[in-house]
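Multiple structures follow.
The two complexes that follow have subunit A in common; it is paired with subunit B in the first and with subunit C in the second.
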Partner chain A sequence: MSGFTTILRKDLRLELRSGESTITLVFLSLLILTVLTFALNAPGGDAATAAGALWVAMIFAGTMGATRALIAEWENGCIRGLLLSPAERSAIYCAKLVASFVFMAVAELAAMVLMVLFYNLDFGIRLVRLSPILAMGALGFAALATLLATIQVRIRGGDLLLPLLIVPVFVPALIAGVKASNAALAGLRFDAFAQWLKILAACDILFLAGGYLLFEHVISED
Partner chain B sequence: MNHLPIEARDVGKNFGLSPVLRGVTLKVDEGEGAIVFGSNGSGKSTLVRILAGLSSASAGEALLFGRPARKLQPHDRLRIGLLTHQSFLYPRLTARENLEFYAGLYRIDGTISINELLKRTGLASVADECVSRFSRGMEQRLTLARAIIARPDVLLMDEPLAALDTEGVELAMGLIEEALGRGCATVVTAHERFQFGRFDFTSYALIHGRLRPAQGDLRTEATERSPAAG
Partner chain C sequence: MGIKAAHWLGVVTLAIMTAAIFMVFVYVPTEAQQGNVQRIFYFHVPCAWAAFAAFALVAISGVFYLWFGHQVWDDLGCAAAEVGMLFCTLVLITGSIWAKPIWGTWWTWDSRLTTTLVLWLLYAGYLTLRAMADEVSQVGRLAAVVGIVAAADVPVIIVSVRLWRTIHPAVIVTRQGSHGLEDPRMIATLLVSLAAFTVLSAWLLMLRFATLRAAARLTNLGRQLALTEAEMADRSAQHVMSSRR
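And now, the complex of A and B:
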């Protein structure tokens, strides 16, 4: 994919230089996790609350991350520079998706550390099982959010559009992810939540394929 | 069959019910240039965007290398240089990093030295400063460098001399002259056509959305308008 590496390297360089997106996402995730944990009186408490809080934090962080990754391209009309270049539209999409995923992953990592502290967990096998579930969730969400955020930044009054669209569409993956995370944190065997993982994987494939195919039509100017 | 590098066939553009361009027909061959001049809001920028394929025409079609500008393949987009009012530059990257980014996108692997380009546009001393710190004129110079970095075969420039000082104008003219010399087809827009008097451009006036060939000799007009003519 022509341009993928160049665009991704540019996005990561910009983020390393300012840290704006990552720092914002990390603190947002920490805030959400803290509020939910204490609101539900759950410190030291059950895995279900921990799983739910993590996923809420991820949704909020992911929504903001995808938007920020794209808004930068509308500064100085840089998106037109990208569209005019030989870079394939799919390469632009994949680069933005990966950048969003990286930002989300950093925020989730911070949230996981806080979760370990609040819920008296160990950095052990439960977290090892949880990590790929969160990674799959972040990937699917980044794929969907990148596509929808592109629509959002292009239309007037689009700020409300992303949350309105993304939450209903992501619900199946969200339920599957929370259920699988809950089971992983509770220490259940793999086959107890394998079905939820399959649903999550299917959603990821759907979101990735949909984003990859539709992005070209969404990103082109009128 | 050789196709014209730049061609507009009866191009029209409406924004809502307002027609901005009407029946615009334009042909520019290799090594040739056209200047489109007109007042603010006359549709010059819209025309450039349509020619570049960034905006669709409401009527007619814009062709680059004989193919619809909106449907160009990557290997054709490689051959286009565009300069508009927006710089396409990332403010938090340095001048050098911006050019390296576009060099990467346009798959330039050393055939043109970024250092040389920065030097030619008079930006060598500020190459490692963020674009956000640049003046408007410096940003325009860097935009020029970005537009020609891939040695395009088609150059579309919307008011390329905007914000440039005398030295900057000379630099820009030199770059355009070099592009024409290697067969680049060029369309520039301007408020006044005499600014490009040194070139043998075909001049057009964009009036009420219609493109009309302009009368008079561009070079004579440029001479008459120059300070030396008194």
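And now, the complex of A and C:
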């Protein structure tokens, strides 16, 4: 895939210099975790609430901030350059997807630490089991968001539309992710929640394949 | 697909629907456990069938639109989404009306209800996209992509929601699997009602589709007219220029 590494390196370098996506995502996650504590009236709740809060933070922070790398191309007028370059459309998609995933992964790591602090959990093997679940969720979400953000950026008021498009499609990954996260935080091993991991993997494959195949139909400079 | 064909389909719809209503309210016996409220079942299930079938049609026309590029497929997808949204809303409303006297609650997170709610949200996203993207030139392609992703997601949603509910302790025990229809009259009524709603949704679809096709033809005519006018203005300008020499 020509252009993939070039575009990805550019986005990562930009992010290293400005940090706008990652830092915003971290702060949004912190905000959402705090609001949920007030809203659910459960300060220092339990592991089940913790996992749920983490996923809510992932979804809504991700909806707002994960696709900055892609949207900035339109705002800066760079999208025409990208489309005229010899880079394949699928390469653009994969590069943007991986960039969004990296930003979300960093934010998830920070959110996980916050979760441990807020919900009085332990740093230990349970977090190690939790990490791949969060990674799979972030990957699927990034795949969906990168595809649908191209729609958002072309419509007036599209940022209001994006959650309505992403969240229902993401529901199975959310269900599976929260269930698996609950199990991981409760100390269960992988085989106890294997079926949820399978569903999460199926969602990831579906979103990645869908995005890869359909991206060229939605990307355009206007 | 003209308006005339739609009129004939309308007549057929009226006939079958009248038969269905008669069967639901007069012919079929009252169900032993639930009483007369159970009759809403004969409207509720066909609405659900219509909603899911329309969604499949949205996805299929999306694929064909991306493949062939002909506006006809986009119009079909749009019409199917609107009809499907109508029936999906009816499923949720009739379901709630049925649930309240039987289960004592308007809503429960039963796997079928939850899946239907998510389907409703998918429809809402699709239609909101169409409404907001009206002035974008390639709204058909965007809508097709959203429709395809959503429809491909539906089987995964069904599986995950079902798994989610069976592991959770059920607050309210619902009848999964077969509907437990013992009396053959009930089965006959259900089949007639299914036929009635299928024909009804096909008729509504055809009406909406014909309207969209007419609008597309009108837009094309408008474009042709503008082109012709421009051509004529150009020619007359050239005529004036050459006659001045």
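We take it that the second predicted complex is superposed on the first by the 210 of 222 C-alpha atoms of A that agree within 3 Å, B and C clash if a C-alpha of one lies under 4 Å from a C-alpha of the other, contacts with A are read in each partner's own complex, and residues count from 1 in each chain.
What we mean here is this: contacts are C-beta pairs under 8 Å (C-beta built on N, C-alpha and C of every residue); 3 or more make two chains touch, one makes a residue touch a chain.
Being a predicted model, the structure only gives us computed values, none of them experimental.
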item: Touched partner set for A:Arg80, first subunit B, second subunit C, both or neither; value: first
item: Touched partner set for A:Leu206, first subunit B, second subunit C, both or neither; value: second
item: First, second, both or neither for A:Ala176, with subunit B first and subunit C second; value: second
item: Subunit B versus subunit C as contact partner of A:Glu88, first or second or both or neither; value: first
item: Touched partner set for A:Arg154, first subunit B, second subunit C, both or neither; value: second
item: First, second, both or neither for A:Leu16, with subunit B first and subunit C second; value: neither
item: Shared subunit A contacts, counted only where both subunit B and subunit C touch the same residue; value: 220, 222
item: Partner subunit A, residues of subunit C touching it in the complex; value: 66, 118, 121-122, 124-125, 128-129, 132-133, 135-138, 141-142, 144-146, 148-150, 152-153, 156-157, 159-161, 163-164, 167
item: Contacting residues of subunit B [partner subunit A, same complex]; value: 52-56, 70, 74-75, 77-78, 80, 82, 84, 86-93, 97, 101-102, 104-107, 146
item: Interfacial residue positions of subunit A with respect to subunit C in the complex; value: 144, 147-148, 151, 154-158, 161, 164-165, 167-169, 171-172, 175-176, 179, 195-196, 199, 202-203, 206-207, 210, 214, 217-218, 220, 222
item: Residues of subunit A that touch subunit B when the two form their complex; value: 2-3, 5-7, 9-10, 13-14, 17-18, 72, 75-78, 80-88, 220-222
